[in-house]
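The same subunit A turns up in both complexes below, where it pairs with subunit B and then with subunit C.
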Partner chain A sequence: TAGNRIFHFGHCRVSMSMTEIRLGFTAIKANIQARDPIRTLSILSHPHSLHKVKSSDGCCITHHLFNFYVDKVFKHCKTEDSFINRKISSIANSFLSMKRKLRQCHEQNKCMCEEESTEKFKQILANYEGLNVTSAAIKSLGELDILLDWME
Partner chain B sequence: YGVGKWIRKPECRNINRTWCDLSSETSDYEEQYYASVKAFLNGMCSDWIETTRFNPLTDTKIDPPMVSVSSTEKSISIILTAPEKWKRSPEGESISLLQVYPGLQYNVSVLNKKTKKRWWFSISNTTLVVPWLEPGTAYCVSAQIRVTTPLLHSGFSKEYCIATLKDSVTF
Partner chain C sequence: EDALLPTPQNISILSTNMKHFLSWSPVIVQGETVRYSVEFQGEYERDYANESWIPICECSLITATVCNITEDISATVAYNLRVRADVGTRRSEWGTMKGFFNRITTSLTPPLMKVIADGYHLLVELEDMGPAFQFCVLYWKKGQESRVQQKVVKEVSSVVHLDTMEAGPDYCVKAQTYVEAINRSSSFSQTQCVRAQGGTSMWL
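Moving on to the complex of A and B:
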């Protein structure tokens, strides 16, 4: 599909269509971020930016984060706006297919988790669980560009 | 965003102009930001009003590239230079946008002023040689920057025109 790119996470190579996800997120970004009133906490960037994660840990963190978004974020982001909901489900579908591809790498032991990435993901979960589910899910969705920027 | 500490901007206190340069405060493009402002008059003041969340990577307006052209009898050479990232002082380290956006490309338009024929090129490197042109003819070049992800593009530069050298064969 348009905008497919091959991402190299060490030995794990995954093709992903970032352009579709980017376009979908750009369409809902202002709406979703406006629903998040909390300025003092970031789910993905607190206390340290994703950019601090070593590239060797890239596959593990990406695998964890795709699972996180599919299992804990998208399903809790239903809004009263059907346009927004359609965009969210389109992004979710893209994430679902990428989650499967990353799982294959994981099963082939090409996606090893080192301590640093495990700790970082624990921190992300702690940030998420520090809020009620809907607020945490909306905040996480509003930070999708942080994940996309980091991946690229 | 996510830090919980507002950065004060003394240069923008008690001002009556309607803008404030926050380049310095938002120069880390791995972070995201909010800005807030209030107005006051005769001792009364408004509520704080916030911007939307600003992501320097995706919300930046990119300037067109610099274009320089030279010509021979039947070709023109085009050299493109992407703008640099904002820096605190002229002595500061120059960071090209190519480092910030690894997927940065250029769209180049070349117009034959006589025939009005136009060619388009999409290139990743910064030099382009257009061969097989007519001697003694004016060509105008304009270029644009395009980033694939995130999806961004600059406007087109102004046109830079140059004439190919006249045919050196004389009868």
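Moving on to the complex of A and C:
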């Protein structure tokens, strides 16, 4: 079912449903990843996996990544395929919904950014800006399950 | 130059149990078949993607004046909807629904439910309302309303076993739906009561 879960990021507790995002992403994953010609690079996992981020830093990095996807990624992923575009819209609007929930923690200072997560996010941005914007956006979208797996 | 077609009017959404349908009044053009196209815009498109609109291909150049938009209203944010009419090369302006639609406002109806006494077993059959729905089932011995028991059903399988009954008293059941994505519940269904009867179903 559309399973809301309570996510614990250090002191930040947020109830979010990932199911619809997962469904949307699963429906387009193969298509999006097929559009990514650069196999030897990762935006989210280079040089270190997200799993190396301490759980206390989880809120900060999640907050940054939600903003990253909403501000930078989704808008550069428009395709010629209406079905794909509709699913990207679904994911993007769901991200907005979650971003709003996470903002509550941010406003309550439960989303502090330690140096490590700041560095990690800088690395992600560097990976992203190392490619042309469309390739970077498509690759980032194709790696969405890395973020979802790490969050869950 | 082709005269502009009238813009579709009375654009509204009927949303029940997380199924959302857009409808509008027909545009009348004597002797012609008018076709309609629908587009949606989520909060993301409004705030981050240059107010772009996304076509719903199942509702492109259709003759019906209703469109199932459930698949595209898949986040709990405010959506805009618009409709346009076409006849041959003639086209109308976009008619945009007044106000936004957020699925959090969907109306939730009590679930259809069938309570079965299978011998001494108290069973309930619940309507499959789709993946977004869970059920809260309350059951109690008639006369012992203070000792209500609750069962949350997340996946609707065919039949749900509630309890093993004693012979004699009536057992009563009612249920409501719960939608996690919008964190809302329906009202409760009508109460249904049954009684164990030596292995045969007994309705009251």
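Rule of thumb we're sticking to: the second predicted complex is superposed on the first by the 151 of 152 C-alpha atoms of A that agree within 3 Å, B and C clash if a C-alpha of one lies under 4 Å from a C-alpha of the other, contacts with A are read in each partner's own complex, and residues count from 1 in each chain.
The working rule: a contact is a pair of C-beta atoms (placed from the backbone, for glycine too) under 8 Å apart; a residue touches a chain by one contact, two chains touch by 3 or more.
Worth saying up front: this structure is predicted, and the values here are computed from it rather than measured.
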Clash or fit (per the criteria above) of subunit B with subunit C on subunit A: fit
Partner chain(s) touched by A:T79 [first = subunit B, second = subunit C, both, neither]: neither
Partner chain(s) touched by A:S94 [first = subunit B, second = subunit C, both, neither]: second
Subunit B versus subunit C as contact partner of A:Q123, first or second or both or neither: neither
First, second, both or neither for A:E20, with subunit B first and subunit C second: second
Partner chain in contact with A:N67 - subunit B first, subunit C second, else both or neither: neither
Cα-centre angle that subunit B and subunit C span when viewed from subunit A, reported as a multiple of 10 degrees: 70
Touching partner for A:S135 - first (subunit B), second (subunit C), both, neither: neither
Contacts of A:N31 with subunit B and subunit C, given as first, second, both or neither: neither
Superposed arrangement (fit on chain A Cα atoms) - minimum subunit B/subunit C Cα distance in Å: 7
On subunit A, positions contacted by subunit B and by subunit C: 3, 19
For the subunit A and subunit B complex, residues of the former touching the latter: 3, 5, 18-19, 22-23, 26, 29-30, 33-34, 39-42, 45-46, 49, 51, 142, 145-146, 148-149, 152
Subunit A residues within the subunit C interface of the complex: 1-4, 15, 17, 19-20, 24, 70-71, 74-75, 82-83, 85-86, 89-90, 92-97
Touching residues on subunit C, where the partner in the complex is subunit A: 40, 42-45, 47-50, 54-57, 71-72, 74-77, 79, 131-134, 154-155, 179-181, 183
In the complex, subunit B residues that touch subunit A: 1-4, 30-32, 34, 52-53, 55, 57-58, 102-103, 148-151
